[in-house]
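Look at the two complexes coming up: chain A is in both, with chain B in one and chain C in the other.
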Partner chain A sequence: MPIPTLANWFARLRSGPSGDRAQLRIGIPRTLAIWSTHQFWLGFFAALGIAPRNLVFSSPTSEAQYHHFGRGRGTVDCCYPVKCMAGHYGELVFGQKRRLDVLFSPMFHSIPSFLDGAVKTSLSCPRVMAAPENIKAGFLKERDVFGERGIRYVSPLLDFGEPALVPGQLHAALAEVIPGLTLAETTRAAAIGWAALQRFDAGLRAESAAVLGACARRDAPCILVLARPYHMDPGIGHEIEGELQAYGYPILWGQYLPIEPALMAWMFGAEMQRGDIASPFDIADVWPSSYSANTNELLWAAKFAARMPWITCVIRLTSYECGMDQPTFSPVQEIVERSGTLFFAFQELDATKAAGSIKIRVETIAHYLEHASGDIIRQKRRLMGAGCPLEDATSQAA
Partner chain B sequence: MTRLVGVDVGSTTVKAVLVADGAVRWQDYQRHGTRQAEKVLSFLERMEAEAGLVAGRDRIFLTGSGAGPLAPLLGAKMVQEVVAVAAAVERLHPDVRFVSEIGGEDMKTVFFTEAGARRGKQVYMQAACSGGTGTFVERIAKKLGVTPAQLAEAAYADVSRHEISAKCGIFAEADANSLVKAGVPVEEIIASLFEAVVTQNLATLTKGNTPLPTVLLLGGPNRFFKGLREAWQAHLARLWEQRSITLPAGAMVDDLVQVPPAALYYGALGCVEIARTEPSEVGGYSGLERLHWWIDVGQHEAKARAGAKGLAGDAEELERFLRAYAAPPAPSSLDPEPEATVPPGPRTREPVVIGCDFGSTTAKAVALSAERRLLGSWYVPSKGNPIEDAKLLFGRLREAGFEEVAGLALTGYGKDLLRDVLGADLTVVETVAHARAALELYPDVDVICDVGGTDVKIMILRQGTVADFRLNSQCSSGNGAFLQGVAERYAVPLEDYAAHAFRAQAMPQLAMGCGVFLQSDIVNQQRNGWSADEIMAALASVLPLNVWVYAGQLRNLQAAGRHFVLQGGTHRNLAVVKAQVDFIERRVPDARIVIHPHAGEAGAIGAALAADEARQSGVASRFRGFAAIEALHYRSTTSALTRCSWCTVQCRRTFIDVAVEGGPGRRWSKVKLAEGWERVISGNSCPKGLIEDKDELRVVKSRYEETKRAHPNIGELVRAAAFRAVR
Partner chain C sequence: MNVSAFYRAYTQPDFTPHERERVEIRFAGLHWRADRVIQAVFENQGYRAAPMPAATRDDLMAGRELADIGQCCPASFVTGCLANFLRREAARLGADEVKRRYVYVSIGSCGPCRFGQYHQGYELALRHLGMEGMRLLLLDQSRLEQAGGGGLEVNLQLSLGVVWAILCTDALQSLEYRTRPYETTPGATDRAAADGVALLCEAFRQRPRHGGKWSALAWHLTTRHFVRALQLVARRFDEVEVDRLVPKPVVKITGEFYLQTVEGPANYDIHRWLEAEGAEVYPAAIAVWLDYLLRVSIQNLQARVAVDRHARAKLAVAKVLQRLLRWTFERMRRALDGVPHALPEQAELRALAAPYYHHRLAGGEGDMLVGKALWTKRHRAAHMICELSPYSCLPNTMSVGAMAGVLGKHPDLLYAPLEVKGDAEVHALSRCQMILTEAKKRAQEEFDAALARTGLDLAEARRRQAARPALRRATTAIPHRDVVGTGANTVLHLAAGRA
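Moving on to the complex of A and B:
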């Protein structure tokens, strides 16, 4: 129980429901499944009248962030993407010029996926789901750090894989911190959030289509990254793909590949006709236990890579000791390599970037890309046959 | 009156107390020089003579890493070390909330909670790595020529400090060396070491708990090093301020972070505390008879039992091994034709291709004939000036009689620096060069293991490409330099290492892992009576474990493949090869293991093969010619303007400016360079130093950004846009 001091009495006072939502400041840790729901939150909270400048995402992960804000609050967890969250919480609690009123850190039971309908379900990793509980402990174990600073800690369990449940879950969690919040209003705001997220995803899929179209027209190679969404965080994925980009290769990510019907028909049509798969998004042929959203998408993207002639190289990123990734190593590698596509895995990503060995590995990959890409494209084009809609200049995204 | 004896047998010292009537009647603390049993014997003999210790009446409890084999000999009960320390603290300091005990080769922390009469405790300990322990500080201080007395008095407060790796003792040594080279005063390095020890303890042994006042610091290093105490005080004071910990009114940090006078004896005192809580028949002191027997007979028998079978195995096994690996390698396609030996003959007038490997310690070159036969190899030790190294190396090639060069390729650390200066046709990354050299002879190779003097590289191949690559970068364990150091200590030339090691019938088992502990383990085993031959055998046999598991982080060898190629200079040592073969075959029973016939020059050969491929594509070589290289005109500048400013080490770099036709010059540089000149930077201790300064970074960065703009990265678009409000 914190001892009441003048400072935290004032803090309490300021955080009380003032009726003015535009003043309410909400912080969200930029971690884990937030990397696939970001735009939902921007759309959702804006629709509730939270000023954009008052919605604060923590900075990207860095060792300095953990050092300043998270040290000594870590928990025993070998998963760095979870462990680093202590630094994000700490930054939101201690590192803001203007204090936050709410630390919003949802626990995702399931996450949205474009494969929904074709797979069994889209759960998140149990470690990812429980991470907020786990990390919270480091701020409550000795003293209630949130309470002392007048910060409300809000951490609802959310079923993002079942959008109909989400408004109720969010309303229950936020009714106390957002003055006058009704379920109807939450439902409307959630719809705006979904729309924002879908717009964002669609925009990036169009960018990817444009990249592939440009490659197709010039018969030029590009690279596909297979990783979990949070590997886009420079402190977790260490921007390894950016070093390959600097060698002159466009980089696609498995989360944002084009999925327009004509392309899907060209890539998967024959298999569907044979009855091997039920839809272009069916992965039962390679991954029958399709319950994890990120894993399902990894496997689907591996299939995409195998069939797409201009993806001549796949880079796999995995964090140290990732139990979810472990069983996917061989299937993903085999799917990619069977098509003759180059495959390289960085499997032990952790807090520190092993810059020396990464530099040599990137140079190594660039060497093989330069020498083998032409043959790989020719071989995959022969296998896939003519008529790829990407080669048609008019398919270029606006 | 029953006397209670507590003995703490640590990794470097023995501490003992005798308590009667609730008061300490006898105590001593001495280094045991790895003779733990002998030291305990002499302590107990003195207690019997000086303090009336009597067998059959009095009680004895032992703790510490060396107590295990001794306790049953004395009738003593074993107490776990952290439990012992905590028991003493609970009794003597009811108000203490946090304890750090740092030992020679371990470190522990204990957190006490306030709850109730029986206080909760949380204990953490680590003893696998030297980072953060007393050895870490002492070893480096010794290297710096700091006496123990100076070390004890060295200050922390008000001394500038520098970055030193706290993770690994050997890397810390490397950091300390570069600080010395950069002219940093010794006192600042020592203060930085204290900083590293405290940082490491707080980083690894707090696990989410805040060390609260009052804090107790125990163990030799905390007791003896004034600077270490100051470092703790500074760190804890800052931490308490950050975490808004309410301190007792008027308390000074000195009062809240204490080193008690008996700081060395808490393990031993804790034994006595535990003794008080145990029934009186537990730990009855049985006298010294069996300890005498142990010292004279028992420990030697135990040693023989604990030791492993010799590295060589039996005569038949050794012969089988030597037949497979010591015989000259089977003729390979790279071998020179018998009549085409170098030096000069008419054949050398034919065009050759040259591959060079500019490493950090040596520069090597090989020449291949048009039929890809190896015509010879040359090497020069690196003098730190790549231009001079290159001139010397190409001088050797010229002496050998080569005239026409049809292709030149470079690999190694210096490849990009020298590419334009020498007119190389291409540069080849190290991994690809090594793989190319192995694939030339063994097209189905799966794993290449290259153990050099200072690094370990493991390359895993799939579909003829290097699919995975491990470079030991976190830990220095497992390289060849260590082997060489030990051989030198025994005055055994490296060529004779294997013969000595194979002579050993048995060998001690050395600890895998940290090179610092490996070194002290060797000293221990030597004192245990193991001979030089036996220790050399043991060292070779632990090397594969360090290479694959500790440095390479590769636990499942079978998944990597079955065809292994061993190369790198360290694999010229057959004792190492025997250990590698045993190690690999145990894990991959159907493994095929070969030593590359040109183990030391594989990198240069790979480069030459790549150059030959380029030659076959019909492109004329850009090679500047021997005469031009010999005549290379350069000027070097070492001044305040060339000093590296990327980090606190501030390496004293040298800019070597070479006059080269078409050289781009550096207009923006503080040390201006006209067109027609090329700059090569040397003297830096990390790759960052190859970029001259902020101005060059700007130039490099804008080029980099341009490439990136032309080739989008979807991940980067996400980073840039995903967390911004929708417009």
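Moving on to the complex of A and C:
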């Protein structure tokens, strides 16, 4: 909680939550980078006095959503995670029982990453960055659909990977739609948003550590999903990982792997001592062009999988025409397979869930996991040596 | 299960300074004029260098075969071009000798699109070819000084040479494209352009060497060395006779950097095809890209003024650099008697694009794709826009999508976005031809209207043109009035002058 100072005490008096704010309804399309930043927005808008019930996220992606709300609004053929955004916009504009006041769709120039400092930059994919401008055009090309419905369209460009710049950018965009908003208040709300996001990320990392610990205790395999954050959307990732989980294999996502120092030292210490890498989060040994946040994290997670004995299988999800994934296909596969870990890719994912072929492939994967996991764990444990903190947890638990 | 060592990225031996005498630097291509003059810049610095051959359809196929699936077509063309070149050389000299003899230099960027990841495709191709260890140098397009492995010293003298080569050849290219559609002797413009490039190469080979940074910069900014070379080029173009009293649609080329810049199979030879269809091409100057890169730096610094105490000082330096770039190009343009197109103001492009595309959205042409389209309309610079985007280009698909909003507000804009796959020529060209047909109609109507407005008929206009021999010279600039086409502007110019 921020400590009241003379400056922000008065700022709060001047711009505290008003009745108007409590009534303000803000819609956010549940797409792209919102999947990795939504906790920030919950914390941020709550701190500004927006009632939680008035913060409306669109539904998960579905063909029906696009059919009802987005058809005819597309402006160009591109990857499905961007294309489906027209359905999300449409749902927020046309599909609400109570009209929204604001459609808030930020353009993320960069995204914060736990790899910051060890990589060159953490930029967004150009399509993630520009998608709101692209989708907006579909709602303005004939007439101003937002204006007709009394909705204010707010789409700030955010250097989200540079928190110092964010309050100013948010304040400039929101001052006209949130009554009495000041920069000082926006700064405080952003700090609350960051804290919420960090708590959420840390919580999921702790859960991943617990899953790995449980696998280590039983010497049991688990599966790592390498994908972009929006593949958690059931309409984009098609819940392939859920099909595998039904076979009893715990699922980890590359974005939320444990990063505590003891584990990092065990996994990467020898390579750091040899000078191969400068820190556990350095990916220059496998990917010198480390400027894209999600790509960097994907490569790092592949390295993690290669070194973690109980991850015996990696599932790669890629959407149709994903240009950021394309150059990483071979390196990611090689990073994983050189360690002996199983690797399966589901590529060109689009609107349609190919349920039949997914089922067949999932059965195949489950078969390989059942027969090969034991050997893979033994081999990777030999490769990595003793002293894994997860095994220490095993003995402690025992 | 056989577990080997962990995967490592592509590794290669260094290119060391003592190898300069025997190693040939091969660099990825722009258009042929710039390639030849940049070669002269390298030679002036004591390197053996040559551009890669122009990419072909076979190169596209090789690129697709050797790199990961789903590459954008510029990456496939460039990767395949490198692979096929190395294959041919390996058959002639042997793989080991090829690895010793050549170093490949390519320009990249630090994001956000996969332009900065092209090296991954090259490396994969080399691995598949069994040429691992071939040396690849990826240089950042936004830095004038950087490490090049020791053997290639990317210093200010070299970088300024490359930038000045681009400015000179941009001006020459623009003059060439404003001349060829109106030449009275077929082939005369091509011969003059070839001679012009030879003159520029000689000027860059003779460029004095400067050890110090500041002395190199001061010399490039103050010397008349290149202006004199361009004046010689202009005199060579004086010999090309033109007849501009022909209504031709002006087609502005925009789009993704590689596709709008190269001239050859990679973009279906669109420049020559448009000319063959009766158009005057308004080519995409590389200088506009350099100007845009400086604008991007300025914008990034402006965003940080409140949080970085050094930002204002850096901002002032960047603005000065931008003014110097534009001033230098204007010098080159004037040396060619003012015929080449001037650079558009970046601030204006940004302002025009603002309602449709944010100026800080990075990758590809950014907001320039939208800005250039509206700028063209506002300044009556072209009848139509031919926008070249690679299939699956990450940033360009976004700005092409945003163009839907522009066309909603400006339905009279003749805009032909061509998705270039490299092997779907008929589809792309027929699409272009549909818009070009409308552009031709507009050019003809505009020409007829200019005659009607001035009370001239074509015979009288020709008589007046014959009476003013300077107007038959390629290097005579026709003032741009309130019409688009060169023919219509010539009519208005003739009517305004003495009968």
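Just so it is clear, the second predicted complex is superposed on the first by the 374 of 398 C-alpha atoms of A that agree within 3 Å, B and C clash if a C-alpha of one lies under 4 Å from a C-alpha of the other, contacts with A are read in each partner's own complex, and residues count from 1 in each chain.
To be clear about the criterion, a contact is a pair of C-beta atoms (placed from the backbone, for glycine too) under 8 Å apart; a residue touches a chain by one contact, two chains touch by 3 or more.
Computed from a predicted model, the values in this text were never measured in an experiment.
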{"item": "Superposed partners chain B and chain C on chain A - clash or fit", "value": "fit"}
{"item": "First (chain B), second (chain C), both or neither touched by A:L165", "value": "second"}
{"item": "Touching partner for A:V286 - first (chain B), second (chain C), both, neither", "value": "second"}
{"item": "Partner chain in contact with A:G95 - chain B first, chain C second, else both or neither", "value": "neither"}
{"item": "First (chain B), second (chain C), both or neither touched by A:E142", "value": "both"}
{"item": "Partner chain in contact with A:P179 - chain B first, chain C second, else both or neither", "value": "neither"}
{"item": "Which of chain B and chain C A:G49 touches, first, second, both or neither", "value": "neither"}
{"item": "Contacts of A:M107 with chain B and chain C, given as first, second, both or neither", "value": "second"}
{"item": "Chain B versus chain C as contact partner of A:S208, first or second or both or neither", "value": "first"}
{"item": "First, second, both or neither for A:C125, with chain B first and chain C second", "value": "second"}
{"item": "Superposition-derived minimum Cα distance between chain C and chain B (Å)", "value": "6"}
{"item": "Contact residues common to both interfaces of chain A (with chain B and with chain C)", "value": "75-76, 137-138, 141-142, 372"}
{"item": "Chain C contact footprint on chain A (complex, rising order)", "value": "75-78, 82, 107, 109, 120-121, 123-127, 129-131, 133-138, 140-142, 157, 159, 162, 164-165, 168, 271, 284-289, 291-292, 303, 306-307, 321-324, 326-331, 334-335, 338-340, 372, 375-376, 379-380, 383"}
{"item": "Chain A to chain B touching residues, read off their complex", "value": "3, 30, 35, 38-39, 42-43, 46, 52, 55, 57, 60, 71-76, 94, 137-138, 141-142, 148, 196, 199-200, 204, 207-208, 211, 222, 225, 232-234, 237, 241-242, 245-253, 256, 337, 342-345, 347-348, 352, 354-357, 359-361, 363-364, 367-368, 372"}
{"item": "Chain A contact footprint on chain B (complex, rising order)", "value": "202-203, 206-210, 239, 242, 244, 246, 428-432, 462-463, 465-471, 473-474, 553, 687, 704, 707-708, 710-719, 721-726"}
{"item": "Complex interface listing, chain C residues touching chain A", "value": "1-9, 68-72, 108, 110-114, 116-121, 124, 303-304, 306-307, 356-358, 360-364, 392-395, 397-408"}
